[in-house]
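The first chain written gets the first letter, and so on, giving A, B, C and D; residue counts start at 1 in each chain.
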Amino acid sequence: MTNHPSYESMLQKQLILPQGLLTSYKRMGMNETELAIVLQLWRFQQEGVNFPTPAELIHFLTISEEECSMLLRALIQKGLIEILDEKGPDNIIQEKYSLEPLFARLFQPETKPKEKKDVPKE
Amino acid sequence: MTNHPSYESMLQKQLILPQGLLTSYKRMGMNETELAIVLQLWRFQQEGVNFPTPAELIHFLTISEEECSMLLRALIQKGLIEILDEKGPDNIIQEKYSLEPLFARLFQPETKPKEKKDVPKE
Amino acid sequence: MTNHPSYESMLQKQLILPQGLLTSYKRMGMNETELAIVLQLWRFQQEGVNFPTPAELIHFLTISEEECSMLLRALIQKGLIEILDEKGPDNIIQEKYSLEPLFARLFQPETKPKEKKDVPKE
Amino acid sequence: MTNHPSYESMLQKQLILPQGLLTSYKRMGMNETELAIVLQLWRFQQEGVNFPTPAELIHFLTISEEECSMLLRALIQKGLIEILDEKGPDNIIQEKYSLEPLFARLFQPETKPKEKKDVPKE
(Lines give C-alpha, C1' and ligand atoms only; values in the text may rest on other atoms or scores of the structure.)
Protein backbone atom coordinates (compact mmCIF):
# COMPACT_ATOMS: atom_id res chain seq x y z
CA MET A 1 0.00 0.00 0.00
CA THR A 2 2.96 2.29 -0.45
CA ASN A 3 2.28 5.55 -2.08
CA HIS A 4 5.70 6.73 -3.07
CA PRO A 5 6.26 9.60 -5.48
CA SER A 6 7.31 8.81 -9.03
CA TYR A 7 10.75 7.29 -9.45
CA GLU A 8 11.45 10.15 -11.82
CA SER A 9 10.91 12.77 -9.13
CA MET A 10 12.86 10.79 -6.52
CA LEU A 11 15.81 10.44 -8.86
CA GLN A 12 15.74 14.06 -9.95
CA LYS A 13 15.88 15.74 -6.59
CA GLN A 14 19.27 14.65 -5.39
CA LEU A 15 22.38 16.43 -4.30
CA ILE A 16 25.96 15.35 -5.01
CA LEU A 17 28.68 16.07 -2.47
CA PRO A 18 32.38 15.33 -2.43
CA GLN A 19 32.77 12.61 0.22
CA GLY A 20 35.72 14.56 1.56
CA LEU A 21 33.36 17.24 2.80
CA LEU A 22 32.08 14.76 5.40
CA THR A 23 35.46 13.28 6.27
CA SER A 24 37.36 16.58 6.45
CA TYR A 25 35.08 19.30 7.83
CA LYS A 26 36.27 18.57 11.37
CA ARG A 27 39.92 18.77 10.34
CA MET A 28 39.17 22.03 8.51
CA GLY A 29 37.87 23.55 11.74
CA MET A 30 34.14 23.39 11.10
CA ASN A 31 31.47 22.05 13.42
CA GLU A 32 28.22 20.32 12.48
CA THR A 33 26.21 23.55 12.30
CA GLU A 34 28.75 25.10 9.94
CA LEU A 35 28.66 21.91 7.86
CA ALA A 36 24.87 22.22 7.62
CA ILE A 37 25.17 25.85 6.50
CA VAL A 38 27.67 24.85 3.80
CA LEU A 39 25.33 22.07 2.64
CA GLN A 40 22.40 24.50 2.48
CA LEU A 41 24.47 27.03 0.48
CA TRP A 42 25.42 24.23 -1.92
CA ARG A 43 21.80 23.12 -2.25
CA PHE A 44 20.55 26.68 -2.85
CA GLN A 45 23.25 27.12 -5.48
CA GLN A 46 22.01 24.04 -7.37
CA GLU A 47 18.61 25.69 -7.49
CA GLY A 48 20.03 28.91 -8.86
CA VAL A 49 19.91 30.87 -5.59
CA ASN A 50 23.49 32.06 -5.19
CA PHE A 51 23.12 34.45 -2.29
CA PRO A 52 20.47 33.20 0.15
CA THR A 53 19.88 35.49 3.13
CA PRO A 54 20.28 34.25 6.70
CA ALA A 55 16.47 34.49 6.93
CA GLU A 56 16.12 32.12 3.96
CA LEU A 57 18.76 29.77 5.30
CA ILE A 58 17.31 29.39 8.82
CA HIS A 59 14.06 28.19 7.28
CA PHE A 60 16.02 24.92 6.97
CA LEU A 61 18.26 25.20 10.04
CA THR A 62 17.51 24.92 13.75
CA ILE A 63 19.50 28.06 14.61
CA SER A 64 18.54 31.73 14.92
CA GLU A 65 19.11 34.33 12.22
CA GLU A 66 21.78 35.99 14.36
CA GLU A 67 23.67 32.73 14.85
CA CYS A 68 23.43 32.04 11.12
CA SER A 69 24.89 35.46 10.25
CA MET A 70 27.66 34.92 12.77
CA LEU A 71 28.54 31.49 11.39
CA LEU A 72 28.54 32.75 7.80
CA ARG A 73 31.05 35.39 8.89
CA ALA A 74 33.07 32.71 10.70
CA LEU A 75 33.20 30.56 7.55
CA ILE A 76 34.41 33.57 5.54
CA GLN A 77 36.99 34.41 8.18
CA LYS A 78 38.33 30.86 8.14
CA GLY A 79 38.80 31.20 4.38
CA LEU A 80 36.31 28.40 3.59
CA ILE A 81 33.67 30.35 1.69
CA GLU A 82 33.84 33.73 0.02
CA ILE A 83 31.48 36.33 -1.38
CA LEU A 84 32.01 37.03 -5.07
CA ASP A 85 30.54 39.64 -7.36
CA GLU A 86 29.07 38.01 -10.44
CA LYS A 87 27.54 39.43 -13.58
CA GLY A 88 24.03 38.11 -13.83
CA PRO A 89 22.06 37.54 -17.06
CA ASP A 90 21.10 41.26 -17.26
CA ASN A 91 24.67 42.41 -16.73
CA ILE A 92 23.70 43.35 -13.20
CA ILE A 93 26.36 42.65 -10.59
CA GLN A 94 25.08 40.15 -8.03
CA GLU A 95 26.68 38.70 -4.96
CA LYS A 96 27.31 34.99 -4.64
CA TYR A 97 28.55 32.67 -1.92
CA SER A 98 31.34 30.63 -3.44
CA LEU A 99 32.46 27.33 -1.91
CA GLU A 100 35.54 27.26 -4.13
CA PRO A 101 38.07 27.88 -1.29
CA LEU A 102 36.61 24.95 0.66
CA PHE A 103 36.68 22.65 -2.39
CA ALA A 104 40.25 23.72 -3.16
CA ARG A 105 41.29 22.70 0.35
CA LEU A 106 39.50 19.37 -0.06
CA PHE A 107 41.13 18.57 -3.37
CA GLN A 108 44.52 20.23 -2.88
CA PRO A 109 45.18 19.58 0.78
CA GLU A 110 48.42 21.59 0.68
CA THR A 111 46.46 24.78 -0.08
CA LYS A 112 46.99 27.34 2.63
CA PRO A 113 43.79 28.96 3.82
CA LYS A 114 43.84 32.72 3.40
CA GLU A 115 42.73 33.93 6.82
CA LYS A 116 40.83 37.11 6.28
CA LYS A 117 41.18 39.86 8.79
CA ASP A 118 38.54 42.14 7.32
CA VAL A 119 35.24 40.48 6.84
CA PRO A 120 32.36 42.38 5.29
CA LYS A 121 29.80 43.32 7.89
CA GLU A 122 26.32 42.23 7.06
CA MET B 1 50.46 25.68 -10.64
CA THR B 2 47.52 23.78 -9.23
CA ASN B 3 48.15 20.28 -8.26
CA HIS B 4 44.71 18.79 -8.12
CA PRO B 5 44.12 15.04 -7.88
CA SER B 6 43.03 13.18 -10.99
CA TYR B 7 39.57 13.99 -12.32
CA GLU B 8 38.87 10.28 -12.05
CA SER B 9 39.46 10.24 -8.30
CA MET B 10 37.53 13.48 -7.75
CA LEU B 11 34.54 12.14 -9.65
CA GLN B 12 34.64 8.76 -7.95
CA LYS B 13 34.54 9.85 -4.35
CA GLN B 14 31.16 11.47 -4.21
CA LEU B 15 28.06 10.97 -2.15
CA ILE B 16 24.47 11.27 -3.37
CA LEU B 17 21.78 12.51 -1.01
CA PRO B 18 18.07 13.08 -1.45
CA GLN B 19 17.70 16.89 -1.39
CA GLY B 20 14.76 16.39 0.95
CA LEU B 21 17.15 15.30 3.68
CA LEU B 22 18.44 18.87 3.84
CA THR B 23 15.07 20.57 3.49
CA SER B 24 13.19 18.30 5.90
CA TYR B 25 15.48 17.28 8.76
CA LYS B 26 14.33 20.24 10.83
CA ARG B 27 10.65 19.41 10.26
CA MET B 28 11.39 15.78 11.17
CA GLY B 29 12.72 16.87 14.56
CA MET B 30 16.45 16.55 13.93
CA ASN B 31 19.14 19.11 14.66
CA GLU B 32 22.37 19.71 12.75
CA THR B 33 24.39 17.23 14.82
CA GLU B 34 21.83 14.50 14.21
CA LEU B 35 21.90 15.38 10.50
CA ALA B 36 25.69 14.98 10.51
CA ILE B 37 25.38 11.57 12.20
CA VAL B 38 22.87 10.44 9.58
CA LEU B 39 25.18 11.65 6.79
CA GLN B 40 28.11 9.77 8.34
CA LEU B 41 26.03 6.58 8.65
CA TRP B 42 25.07 6.97 4.98
CA ARG B 43 28.69 7.52 3.94
CA PHE B 44 29.93 4.53 5.95
CA GLN B 45 27.21 2.40 4.36
CA GLN B 46 28.42 3.33 0.85
CA GLU B 47 31.83 2.03 1.88
CA GLY B 48 30.40 -1.25 3.12
CA VAL B 49 30.55 -0.42 6.83
CA ASN B 50 27.00 -0.98 7.98
CA PHE B 51 27.40 -0.71 11.73
CA PRO B 52 30.06 1.85 12.62
CA THR B 53 30.67 2.24 16.33
CA PRO B 54 30.32 5.59 18.09
CA ALA B 55 34.12 5.56 18.37
CA GLU B 56 34.44 5.23 14.60
CA LEU B 57 31.80 7.89 13.97
CA ILE B 58 33.30 10.56 16.22
CA HIS B 59 36.52 10.36 14.27
CA PHE B 60 34.55 12.53 11.80
CA LEU B 61 32.33 14.45 14.26
CA THR B 62 33.11 17.20 16.74
CA ILE B 63 31.14 15.52 19.55
CA SER B 64 32.12 13.07 22.28
CA GLU B 65 31.53 9.32 22.13
CA GLU B 66 28.87 9.61 24.87
CA GLU B 67 26.99 12.33 22.98
CA CYS B 68 27.21 10.25 19.79
CA SER B 69 25.74 7.17 21.53
CA MET B 70 22.98 9.31 23.02
CA LEU B 71 22.08 10.86 19.66
CA LEU B 72 22.07 7.47 17.92
CA ARG B 73 19.56 6.31 20.56
CA ALA B 74 17.55 9.51 20.05
CA LEU B 75 17.39 8.90 16.28
CA ILE B 76 16.17 5.35 16.90
CA GLN B 77 13.62 6.56 19.45
CA LYS B 78 12.26 9.12 16.96
CA GLY B 79 11.77 6.28 14.49
CA LEU B 80 14.23 7.76 11.95
CA ILE B 81 16.86 5.04 11.91
CA GLU B 82 16.69 1.43 13.00
CA ILE B 83 19.03 -1.43 13.77
CA LEU B 84 18.48 -4.48 11.58
CA ASP B 85 19.93 -7.95 11.71
CA GLU B 86 21.38 -8.90 8.35
CA LYS B 87 22.89 -12.08 7.06
CA GLY B 88 26.40 -11.34 5.92
CA PRO B 89 28.34 -13.20 3.19
CA ASP B 90 29.31 -16.01 5.61
CA ASN B 91 25.75 -16.46 6.81
CA ILE B 92 26.75 -14.71 10.01
CA ILE B 93 24.11 -12.36 11.41
CA GLN B 94 25.40 -8.81 11.51
CA GLU B 95 23.81 -5.62 12.74
CA LYS B 96 23.18 -2.72 10.43
CA TYR B 97 21.96 0.84 10.82
CA SER B 98 19.13 1.29 8.34
CA LEU B 99 18.03 4.75 7.18
CA GLU B 100 14.94 3.26 5.55
CA PRO B 101 12.46 4.79 8.07
CA LEU B 102 13.90 8.24 7.46
CA PHE B 103 13.79 7.81 3.66
CA ALA B 104 10.22 6.52 3.88
CA ARG B 105 9.20 9.69 5.72
CA LEU B 106 10.97 11.82 3.12
CA PHE B 107 9.32 10.11 0.18
CA GLN B 108 5.94 9.26 1.72
CA PRO B 109 5.29 12.25 3.95
CA GLU B 110 2.09 10.71 5.28
CA THR B 111 4.06 7.86 6.90
CA LYS B 112 3.57 7.84 10.64
CA PRO B 113 6.78 7.44 12.60
CA LYS B 114 6.74 4.43 14.87
CA GLU B 115 7.89 5.89 18.19
CA LYS B 116 9.79 3.21 19.95
CA LYS B 117 9.52 2.90 23.66
CA ASP B 118 12.15 0.25 24.10
CA VAL B 119 15.45 1.17 22.66
CA PRO B 120 18.33 -1.27 22.73
CA LYS B 121 20.94 -0.27 25.27
CA GLU B 122 24.38 -0.01 23.88
CA MET C 1 50.14 24.07 -15.79
CA THR C 2 46.63 22.70 -15.69
CA ASN C 3 43.89 25.13 -16.26
CA HIS C 4 40.86 23.30 -15.02
CA PRO C 5 37.53 25.01 -14.46
CA SER C 6 36.47 25.77 -10.89
CA TYR C 7 35.77 22.79 -8.67
CA GLU C 8 32.38 24.36 -8.05
CA SER C 9 31.43 24.21 -11.73
CA MET C 10 32.83 20.69 -12.15
CA LEU C 11 30.82 19.44 -9.19
CA GLN C 12 27.65 21.21 -10.22
CA LYS C 13 27.30 19.87 -13.72
CA GLN C 14 26.80 16.21 -13.04
CA LEU C 15 24.12 13.71 -13.84
CA ILE C 16 22.91 10.91 -11.60
CA LEU C 17 21.74 7.64 -13.14
CA PRO C 18 20.41 4.44 -11.63
CA GLN C 19 23.22 1.92 -12.21
CA GLY C 20 20.55 -0.51 -13.34
CA LEU C 21 20.02 1.54 -16.47
CA LEU C 22 23.47 0.45 -17.66
CA THR C 23 23.19 -3.15 -16.52
CA SER C 24 19.64 -3.72 -17.77
CA TYR C 25 19.08 -1.78 -20.99
CA LYS C 26 20.15 -4.78 -23.06
CA ARG C 27 17.80 -7.10 -21.19
CA MET C 28 15.00 -4.55 -21.66
CA GLY C 29 15.47 -4.70 -25.42
CA MET C 30 17.34 -1.45 -26.00
CA ASN C 31 20.51 -0.95 -27.99
CA GLU C 32 23.29 1.60 -27.37
CA THR C 33 21.70 4.29 -29.53
CA GLU C 34 18.41 3.97 -27.66
CA LEU C 35 20.34 4.13 -24.38
CA ALA C 36 21.98 7.36 -25.54
CA ILE C 37 18.57 8.84 -26.43
CA VAL C 38 17.22 7.94 -22.99
CA LEU C 39 20.28 9.53 -21.35
CA GLN C 40 19.81 12.69 -23.42
CA LEU C 41 16.10 12.87 -22.48
CA TRP C 42 17.08 12.50 -18.83
CA ARG C 43 19.75 15.20 -19.12
CA PHE C 44 17.36 17.60 -20.88
CA GLN C 45 14.79 16.97 -18.16
CA GLN C 46 17.29 17.97 -15.45
CA GLU C 47 17.69 21.26 -17.28
CA GLY C 48 13.95 21.82 -17.42
CA VAL C 49 13.49 20.84 -21.08
CA ASN C 50 10.83 18.18 -20.88
CA PHE C 51 10.02 17.71 -24.55
CA PRO C 52 13.14 18.16 -26.67
CA THR C 53 12.57 17.80 -30.40
CA PRO C 54 14.48 15.26 -32.48
CA ALA C 55 16.34 18.24 -33.98
CA GLU C 56 17.46 19.32 -30.52
CA LEU C 57 18.40 15.78 -29.54
CA ILE C 58 20.56 15.01 -32.57
CA HIS C 59 22.71 18.02 -31.77
CA PHE C 60 24.21 15.60 -29.20
CA LEU C 61 23.78 12.32 -31.09
CA THR C 62 25.55 10.90 -34.14
CA ILE C 63 22.29 9.85 -35.82
CA SER C 64 19.96 11.60 -38.26
CA GLU C 65 16.74 13.36 -37.28
CA GLU C 66 14.72 10.63 -39.01
CA GLU C 67 16.49 7.86 -37.12
CA CYS C 68 16.00 9.78 -33.87
CA SER C 69 12.24 10.13 -34.47
CA MET C 70 12.03 6.45 -35.34
CA LEU C 71 13.87 5.38 -32.20
CA LEU C 72 11.75 7.65 -29.98
CA ARG C 73 8.69 5.90 -31.42
CA ALA C 74 10.34 2.51 -30.84
CA LEU C 75 11.01 3.38 -27.18
CA ILE C 76 7.36 4.40 -26.75
CA GLN C 77 6.18 1.24 -28.50
CA LYS C 78 8.29 -0.93 -26.20
CA GLY C 79 6.61 0.76 -23.24
CA LEU C 80 9.87 2.27 -21.94
CA ILE C 81 9.09 5.96 -22.28
CA GLU C 82 5.80 7.76 -22.63
CA ILE C 83 4.50 11.17 -23.60
CA LEU C 84 2.51 12.88 -20.87
CA ASP C 85 0.45 16.05 -20.84
CA GLU C 86 1.55 18.29 -18.01
CA LYS C 87 0.25 21.58 -16.74
CA GLY C 88 3.05 24.10 -16.93
CA PRO C 89 3.46 27.17 -14.70
CA ASP C 90 0.95 29.20 -16.77
CA ASN C 91 -1.65 26.45 -16.67
CA ILE C 92 -0.77 25.70 -20.26
CA ILE C 93 -0.77 22.00 -21.15
CA GLN C 94 2.68 20.90 -22.29
CA GLU C 95 3.96 17.57 -23.48
CA LYS C 96 6.68 15.76 -21.62
CA TYR C 97 8.75 12.64 -22.20
CA SER C 98 8.46 10.56 -19.06
CA LEU C 99 10.99 7.84 -18.22
CA GLU C 100 8.74 6.52 -15.46
CA PRO C 101 7.85 3.24 -17.25
CA LEU C 102 11.53 2.47 -17.73
CA PHE C 103 12.37 3.27 -14.09
CA ALA C 104 9.42 1.17 -12.92
CA ARG C 105 10.82 -1.79 -14.84
CA LEU C 106 14.26 -1.21 -13.36
CA PHE C 107 13.01 -1.02 -9.79
CA GLN C 108 10.09 -3.46 -9.98
CA PRO C 109 11.39 -6.11 -12.35
CA GLU C 110 8.09 -7.96 -12.28
CA THR C 111 6.32 -5.01 -13.95
CA LYS C 112 4.86 -6.02 -17.27
CA PRO C 113 5.61 -3.61 -20.06
CA LYS C 114 2.48 -2.23 -21.67
CA GLU C 115 3.18 -2.78 -25.36
CA LYS C 116 1.48 0.02 -27.18
CA LYS C 117 -0.06 -0.66 -30.53
CA ASP C 118 -0.98 2.92 -31.35
CA VAL C 119 1.88 5.28 -31.18
CA PRO C 120 1.37 8.97 -31.79
CA LYS C 121 2.75 10.00 -35.14
CA GLU C 122 5.19 12.83 -34.93
CA MET D 1 0.22 -2.43 -4.81
CA THR D 2 3.71 -1.38 -5.84
CA ASN D 3 6.48 -3.51 -4.61
CA HIS D 4 9.50 -1.33 -5.01
CA PRO D 5 12.84 -2.19 -3.46
CA SER D 6 13.93 -0.29 -0.36
CA TYR D 7 14.64 3.39 -0.81
CA GLU D 8 18.05 2.67 0.67
CA SER D 9 18.97 0.25 -2.09
CA MET D 10 17.55 2.50 -4.81
CA LEU D 11 19.57 5.45 -3.55
CA GLN D 12 22.76 3.45 -3.12
CA LYS D 13 23.06 2.01 -6.58
CA GLN D 14 23.56 5.12 -8.60
CA LEU D 15 26.21 6.38 -10.94
CA ILE D 16 27.44 9.96 -11.26
CA LEU D 17 28.57 11.26 -14.63
CA PRO D 18 29.91 14.62 -15.74
CA GLN D 19 27.09 16.08 -17.88
CA GLY D 20 29.74 17.06 -20.39
CA LEU D 21 30.23 13.40 -21.26
CA LEU D 22 26.76 13.41 -22.83
CA THR D 23 27.04 16.80 -24.49
CA SER D 24 30.58 16.35 -25.82
CA TYR D 25 31.11 12.73 -26.84
CA LYS D 26 30.02 13.49 -30.39
CA ARG D 27 32.39 16.46 -30.65
CA MET D 28 35.18 14.25 -29.27
CA GLY D 29 34.67 11.78 -32.11
CA MET D 30 32.81 9.04 -30.28
CA ASN D 31 29.62 7.32 -31.33
CA GLU D 32 26.87 5.91 -29.11
CA THR D 33 28.44 2.46 -28.84
CA GLU D 34 31.75 3.95 -27.74
CA LEU D 35 29.85 6.10 -25.23
CA ALA D 36 28.21 2.96 -23.84
CA ILE D 37 31.61 1.26 -23.51
CA VAL D 38 32.99 4.26 -21.64
CA LEU D 39 29.96 4.25 -19.33
CA GLN D 40 30.43 0.52 -18.66
CA LEU D 41 34.14 1.02 -17.90
CA TRP D 42 33.18 3.82 -15.49
CA ARG D 43 30.56 1.66 -13.82
CA PHE D 44 32.91 -1.32 -13.46
CA GLN D 45 35.52 0.99 -11.95
CA GLN D 46 33.05 2.14 -9.27
CA GLU D 47 32.64 -1.49 -8.35
CA GLY D 48 36.38 -2.03 -8.08
CA VAL D 49 36.79 -3.82 -11.42
CA ASN D 50 39.45 -1.75 -13.15
CA PHE D 51 40.21 -3.94 -16.15
CA PRO D 52 37.06 -5.72 -17.33
CA THR D 53 37.59 -8.00 -20.30
CA PRO D 54 35.66 -7.59 -23.54
CA ALA D 55 33.80 -10.77 -22.55
CA GLU D 56 32.71 -9.17 -19.29
CA LEU D 57 31.78 -5.91 -21.00
CA ILE D 58 29.59 -7.44 -23.71
CA HIS D 59 27.47 -9.05 -21.03
CA PHE D 60 25.98 -5.53 -20.83
CA LEU D 61 26.37 -4.44 -24.45
CA THR D 62 24.56 -5.49 -27.62
CA ILE D 63 27.80 -5.89 -29.60
CA SER D 64 30.10 -8.85 -30.20
CA GLU D 65 33.34 -9.47 -28.32
CA GLU D 66 35.33 -8.69 -31.47
CA GLU D 67 33.57 -5.37 -31.98
CA CYS D 68 34.11 -4.54 -28.31
CA SER D 69 37.86 -5.23 -28.56
CA MET D 70 38.06 -3.14 -31.70
CA LEU D 71 36.23 -0.21 -30.12
CA LEU D 72 38.39 -0.35 -26.99
CA ARG D 73 41.43 -0.08 -29.27
CA ALA D 74 39.77 2.79 -31.14
CA LEU D 75 39.15 4.67 -27.87
CA ILE D 76 42.81 4.22 -26.92
CA GLN D 77 43.97 5.31 -30.36
CA LYS D 78 41.86 8.47 -30.16
CA GLY D 79 43.58 9.26 -26.85
CA LEU D 80 40.34 9.07 -24.85
CA ILE D 81 41.13 6.15 -22.56
CA GLU D 82 44.43 4.60 -21.62
CA ILE D 83 45.73 1.44 -20.00
CA LEU D 84 47.76 2.08 -16.86
CA ASP D 85 49.81 -0.24 -14.69
CA GLU D 86 48.74 0.09 -11.07
CA LYS D 87 50.09 -1.45 -7.92
CA GLY D 88 47.31 -3.41 -6.29
CA PRO D 89 46.92 -4.12 -2.58
CA ASP D 90 49.41 -7.01 -2.70
CA ASN D 91 52.01 -4.95 -4.55
CA ILE D 92 51.10 -6.87 -7.68
CA ILE D 93 51.07 -4.77 -10.84
CA GLN D 94 47.60 -4.74 -12.38
CA GLU D 95 46.29 -3.13 -15.52
CA LYS D 96 43.58 -0.53 -15.39
CA TYR D 97 41.49 1.36 -17.94
CA SER D 98 41.81 5.03 -17.08
CA LEU D 99 39.27 7.59 -18.32
CA GLU D 100 41.53 10.43 -17.22
CA PRO D 101 42.40 11.57 -20.78
CA LEU D 102 38.71 11.81 -21.64
CA PHE D 103 37.90 13.74 -18.44
CA ALA D 104 40.85 16.06 -19.05
CA ARG D 105 39.46 16.90 -22.47
CA LEU D 106 36.01 17.51 -20.96
CA PHE D 107 37.29 19.82 -18.25
CA GLN D 108 40.21 21.44 -20.11
CA PRO D 109 38.88 21.74 -23.63
CA GLU D 110 42.20 23.14 -24.88
CA THR D 111 43.93 19.82 -24.06
CA LYS D 112 45.37 18.25 -27.17
CA PRO D 113 44.61 14.57 -27.55
CA LYS D 114 47.73 12.48 -27.81
CA GLU D 115 47.02 10.33 -30.85
CA LYS D 116 48.71 7.05 -30.27
CA LYS D 117 50.28 5.25 -33.14
CA ASP D 118 51.15 2.09 -31.28
CA VAL D 119 48.25 0.49 -29.57
CA PRO D 120 48.69 -2.64 -27.53
CA LYS D 121 47.28 -5.64 -29.30
CA GLU D 122 44.84 -7.59 -27.25
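The rule is short, and it goes like this: contacts are C-beta pairs under 8 Å (C-beta built on N, C-alpha and C of every residue); 3 or more make two chains touch, one makes a residue touch a chain.
It should be emphasised that the depicted structure is a prediction, and the values quoted were computed from it without experimental measurement.
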item	value
Chain pair with the higher count of C-beta pairs in contact (C-D, A-C)	C-D
Repeat of interface B-C, chosen from A-B, A-D or B-D - more than half of residue-number contact pairs shared	A-D
Approximate Å spacing (C-alpha centroids) for the pair chain C, chain D	21
Geometric centre distance via CA averages, chain C-chain A, whole Å	31
Junction residues of chain C - those touching two or more other chains	2, 4, 7, 10-11, 14, 16, 18, 46, 107
Complex contacts: residues of chain C adjacent to chain B	1-2, 4, 7, 10-11, 14, 16
Residues on chain C engaged by chain A in the complex (per definition of touch)	6-8, 11-12, 14, 16, 18, 45-46, 98-100, 103-104, 106-107
Residues on chain A engaged by chain B in the complex (per definition of touch)	2-5, 10, 13-20, 22-23, 26, 31-33, 35-36, 39-40, 43, 46, 60-63, 107-108, 110
